[in-house]
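Next, two complexes with chain A in common: one pairs it with chain B, the other with chain C.
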Partner chain A sequence: MADSKDVTLKIDDRDVTVPPGTLVIEAARRMGIEVPSFCYYPGLSLQAACRMCLVEVERAPKLQTACTLVAMPGMVVRTNTEQVHQARKAMLEFLLANHPLDCPVCDKGGECELQDMAFTYGADKSRFAEEKRHRPERKWSEAVYYDAPRCILCFRCVRVCDEGMDVKALGVGQRGSQSVIIPNGEDHLDCEECGMCIDICPVGALTSGTYRYKTRPWEMKYVSTVCAHCSNGCKTTLSVRNNEILRANNRDLSGFNKEFLCVKGRFGFDFTSHPERLKLPLVRRNGHLEPASWEDAIAEASRRLAEVHKASGADSIGFIGSNRTTNEENYLLGRIARASIGTNNLDHHRTADYPSLIAALGEKAAAATVTMTQLYEADAVLLIGDDPTQQNPLVAWQIRAAIRHRGSRLYVINAKSIKLRRKAREFVEVSQGGEAAAVSWLSGSDETLDPGVAESLSALKSALEKENNVVVVFGAELTGAAVRDLVKFGASLPGQTRYMALGDYANSRGASDMGLLPHLLPGYAPLADVKAREKFGKVWGAKLTNKPGLDARGMLAAATSGKLRALYVVGANPVKTFGVNANERLGKLDLLIVHDLFLTETAKLADIVLPAAAAYEKDGSVTNTAGEVQLVRKGGDVMGTRSDFDILRIFSHQLAEHGLGQAIRLRTPEAAFDEIRQSVAGYDLSMAALLLGEAERTSPISTAGGQAKFDAPVGAIFSAHDTLFASGSLGRYCTTILSLPEAGPKTTPEAGAHS
Partner chain B sequence: MPQKGSTWNADRAILRIRELEHLPGALLPILHALQEEFGYIDKAAIPLIADALNISHAEVHGVISFYRDFRDTPSGRHVLKMCRAESCQSMGCDATIQHVEGRLGVKLGETTADASFTVEAVYCLGLCALSPAVMLDGKPYGRVSSEIADFLIDGMQRQK
Partner chain C sequence: MSSILREAGETFVTLAKGFSVTFSNMLRKTVTENYPEEPVHFQDRYRGIHVLHRDENGLEKCVGCFLCAAACPARCIYIEAAENTDAQRISAGERYARVYNIDYSRCIFCGYCVEACPTDAITHGHGFELAPSDINALIYRKEKLLEKGTVRDVASNQLFL
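Take a look at the complex of A and B:
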């Protein structure tokens, strides 16, 4: 819709109308006219360093740089004249003056902007007679290498590191023809190792330590999927050759994260080819885990589970699911627990209190939560707890971008002086674990606080009262009643306050949405709700019990006391996560079955270990912490492993043969997702959009109708506080990330992080 | 004026940084002050400056390396800058430079073993009318033939 302030100009003899302030290069792009550019990068400050974008403007004495020229009414621009061509050709000649033109051995060859330009405009001869300056290649870190002769000094890397990442690890050294990019540590980088600089580099000057000299871009297939690590759900493209993942990036700018990936998204894929990957099922014989065939392992697992069921009853069996397995897998696991076995002993490592948030928001839940894109569009953000720079890097990126591009305002309540503090208008430092008390105070309770804290909180409160449509982002520090208080406080602020709860892992939200919880069925339907039980009972072919189940800690305690006889663990490492003394607390189990990629602390104690496919090796869907559902796609493949989906499906068939439940007839993740769309509240999403690679937001509603309980037991919900360089148990097998000095002292798989 | 003593001292550096950090665009004044204080800018100063001004290490290093006048190693007691730009070249500066290099036993950019002289190339001192030109300890001299260069060096060596 044309606004009265919009400007109309002419580019290459066609009229175009754009909002005021639009750059000519952007106006041209809208019309499908490509003005070549190197230094210009949308979202970063203007540099006008490369002069590739020169265009002719009527009545201007010389050529103008389209990347800095603001469109004006009546302007007449030409991008395709002889003079412009001459200029582009001349600029290329300058850019190539010291460039080695070593495309045949350059990683970027085949996908290089400079190569493309030289192909289009380049001359076959240069007028420079001087010898090209050579400089040796530098290794700045395990992740980032710099090859100065290829650098065209566009400064995209310097700007993305400074403006985008707020790390400022790169600078420009020397001057004139001697100029080079320099790292902050003199000859090495001391930074967040995100690799943003590598992918934003238009040429092959910055290359990736994990990918360099491995292959050519046209030899790989590209698989668009979702990052396997944190809960933010960045879209990533895997570059795969012969079933091996060689690279992850987001050069196609797909997804809400656009160019962004953090160090885990970009370099954390090598766990898939870690030598310790399990490739054969293991069965305990005479006290030792020994290799077995898939047939034998699954047959034994189902037979023994049926025996326990017969001897000690359904409630002597427990299930602990995963934060990383797909929605379909979680849904299947819940079905096996509740329908095949008939128990509500079902849980996972909960890292954010999604149920309480949804319950507190009630009917409004969908409208009152924000997507990652809406977070960027927020005018004011209140961040409580968490350290997004470390734990939720895309969230931090979105907040920084909102501040930089849109002048948004950030307010922070935290027990630590987190990095985002630098960007905050107000920062309230509370005592360790004091976030909940602060929120309770804000919501008007008579909580007594340290006078200093109370004073800064009231300053923050009055600042927030002047804002409109605040977005509140909070971590695992707020659970249960604190979430209810938060929503109460939010309701007192002007406009519509919206929320985002921050969890830890790629499908933390999905595990919760799919009902891997003792008290909630998929879609947050309370177990106590007869209708919901009947609905799922009908779909799953069983009568569901409303007998309360044990949560994860409860199951582990029951394993100690001997009340729990069998535990089925999918893609989780409860021994480590919940800090159980393994021998003591799991020793009394008759049967421990574990699906995992590696022999974790938990898998080591198992009777049967089933080698699972990793997130990058299967199809399905995951839901990010903001409730955005996206499809994951099979990139790599590791011989001998099976997806948790297949394992669970086959398992249900075998259980059915032992008289337990009905066999699951959903043959593929797509079929399971169809069932989810029909049966899980909030998941009736557009399949077409998902297939196109888009993110679709779920619209959960708590059907508890006002009786929602905020009773998360203390310690039931907690974050692993992973840093940028950690990713639970999985992070211990990300070799590249662990080799970075910023990742801290080397940890052996034994001594690693939480689940 | 010969260059000042050049023992790096973090406390003195911090004092100088403190004096100037409030200025708008304080980086250049600070760099000048440190160079004046120590005769060069020690690497150890980079984090101190970066912290004081809340800018990155890379940026401080970038500015130091951008300006030829800033040194990152101690200089000799006297600094002789010899112009090698077009005008001086066409007036024969190369011969003078060769002569000075021979006499002091160093190449351009080096410091003599006894640390008495640092000889550097510069590109234009703005004294083209008096080419070939040099600058000795901050003072410009014009029409510097090999004899005049000797005379200047002799003068400094006598002075010690």
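Take a look at the complex of A and C:
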């Protein structure tokens, strides 16, 4: 719709109307006219370094750079004249003066912007007789290599590192044609190793240490899926050759993260081909885990589980799910626990209090939570706890972009001086673990705080009261009653207040949504709700019990005391996560079944270990911390493994043969997702949008009403505080990430990070 | 009578004509190849089994750029590339072909790979005796395609095999 302030100009004899402030290059692109450029990159500051975008403007004495020229009313621009063609040709000749002709060797060959431009606009000959200047290639880190002669000095890398990442690790040295990009550590990089500079480089000057010289772009197939690490749900494109993942970058710029990926998203895919990957089921015989066939392992697992069920009852069996497996797999696990076995001993490692947030928001839950895109659109962000730069890199990226592009304000309450502090308008430093008390104080309780903290909190409060649109982002520091207080404080603010809870892992939110919790059914339906129990009982073909179940810590304690006889663990490492003494077998368990990629501390104690497929090796859906559902696609394949979905489905058939529950007849993750869409509140999402690769936000509504309880036991919800270079159990097998100096001293899988 | 004489004359002419071809060819170089008793002679441009060449220092000319594989209409070339290191230098460029296979059960000897090669690393040789009893033997590995040669250590100017 044309606004009265909109500007109409003429480009190549066609009229175009654009909002005021639009650059000519953008206006031309909107019309489908390609104006070539290297240094111009949407979202970064303007540089006008490459001079490729020169266009003819009527009544201007010389050619103008379209990337810095703001569209004005009545402007007449021509992009297709002889003069412009000559200019482009000459510019390319200059750019190629020192650029080596090593395209056959260069990693960028085939997807290189300079190659494409030289092909489209360039001259076929160079008039330069001088020898090309050569400089040796530099290894800046295990992840980033710099080949100076290939560099065309567009400074995209410098700008993305400074503006986008706020790391400022790259700069320009020397001047004129002698200019080079230099890293902050003189001969090496000391940074977040996000690899954004590699991704954004239009030529092959910056190349990836993991992908170098392995293959060529046209030799691979590309699978667009969701990153397997943190809970932000960035889209990533896996480059796959011979079923092996060779590269991850968001090649198609799809998803809410666009070009952004952090070090884990970009380099943390090599766990899939780690030599310690389990490829055969293991069964404990005479005290040792020995390889077995899939048939034997699953048959034995289900037989022994049925025996425990018969001897000690349903409540002697516990289930610990994963926050990495897909929604479908979590849903199936919940169904096996509740319908096939008939117990509510079901939990996972909770890293954010989603149930409390949804319960506190009540019917407003859908409208009062934000997506990653809405976070960028917020006028003000209040960040309580967490360190998004380390734990939720996309959230940090979105906040920085909002501040940079839109002038948004950031307010931080944290016990640590986190990196985002430098972007914050107000920073309130609370004592270690003091975030909940600060929120309670803000909500109007008579909490006694340190006078200094109280003073800065009241300054923060009055600043927030002037904002019309606040997004509150909080970490695992706020749980239970603190979340309720937070929502109470939010409601007291005059402007619109919306929320985002930050979890740790790729499907932390999905595990919660799918009801891997002792007290909640899928879609946050309370166990006490008879109607909800009847609904799921009908779908699952069983009568569901409302007998309260044990949470993860409760199950582990019951295992030690002998009350729990069997434990079924899917993609989790509770021994490490919950700090169980691993020296003795898990208490007096008769049976411990574990699905995992690797022989984790928990898997080492197991009676039966089933080798599972990684997130990059299966189809399904995951939900990010903002509640946005996206489909994951199978990229690689590792022979011998099976997806958790397959394992659970086969398992349900075996259990049915032993008289436990009904076999699961959902053959594919798509079929399971159809059932989820029908039965789980908030998951009735547009399948068309999901299939197109878009993110669809769930809108769960807590049906608990006034009955909602905010009394999660202490220690039930906690973050692992993984840094950029750690990712729970998986992080210990990401060889490239561990080889980076920023990842700290070399860790062996034994001494690795938390689960 | 005259008809008999004419007939004899005509016969003689015909025979002379015929034998002139025979005798003139008897003096020519033979065209027939006595394969397999004798080696076969080829035109220079004959497109036989490929040869991967080495440069003057004995390093492999192939830099593993995959352009031959991209040009191949039969998709018979399979490459895995890797990076040269200072300790182990295989080709002159940064990259070399760690694996280079040609599947001769698919190759149609069109020569597009030779045309595509930016470093003149691959050419058609004159080998043609391909028939094996096992089809797997038709996949030629790099070791089999690579020109025999010596590698010169550039630093010490030493030749070694």
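Going forward, the second predicted complex is superposed on the first by the 752 of 755 C-alpha atoms of A that agree within 3 Å, B and C clash if a C-alpha of one lies under 4 Å from a C-alpha of the other, contacts with A are read in each partner's own complex, and residues count from 1 in each chain.
Throughout what follows, a contact is a pair of C-beta atoms (placed from the backbone, for glycine too) under 8 Å apart; a residue touches a chain by one contact, two chains touch by 3 or more.
The shown structure was predicted, so the numbers you read here are calculated from the model rather than taken from an experiment.
Student: When the two structures are laid over each other on chain A, do chain B and chain C clash or fit?
Tutor: fit
Student: By the touch definition at the top of the document, which applies to A:A129: first (chain B), second (chain C), both, or neither?
Tutor: A:A129: touches no partner chain.
Student: Name the contact category of A:A688: first (chain B only), second (chain C only), both, or neither.
Tutor: neither
Student: Would you check which partner chain A:V714 touches, where first means chain B only, second means chain C only, and both and neither mean what they say?
Tutor: In the superposition, A:V714 contacts neither chain B nor chain C.
Student: Would you sort A:K168 into first (chain B), second (chain C), both or neither based on which partner it touches?
Tutor: first
Student: Touching A:M639, do we find chain B (first), chain C (second), both, or neither?
Tutor: Touch status of A:M639: no partner.
Student: On the overlay, how many Å separate the closest CA atoms of chain B and chain C?
Tutor: Here the least C-alpha separation of chain B and chain C stands at 27 Å.
Student: Across the complex, what residues on chain A touch chain C?
Tutor: Residues 102-105, 109, 137, 212-216, 218-219.
Student: Contact residues on chain B for chain A in the complex?
Tutor: Its residues touching chain A are 43, 55-62, 65-66.
Student: Report the residues of chain C in contact with chain A in the complex, numbered from low to high.
Tutor: So the residues of chain C touching chain A come out as 63-67, 69-70, 80-83, 93-95, 118-119.
Student: In the complex, go through chain A and note every residue touching chain B.
Tutor: 158, 162, 168-175, 182-186
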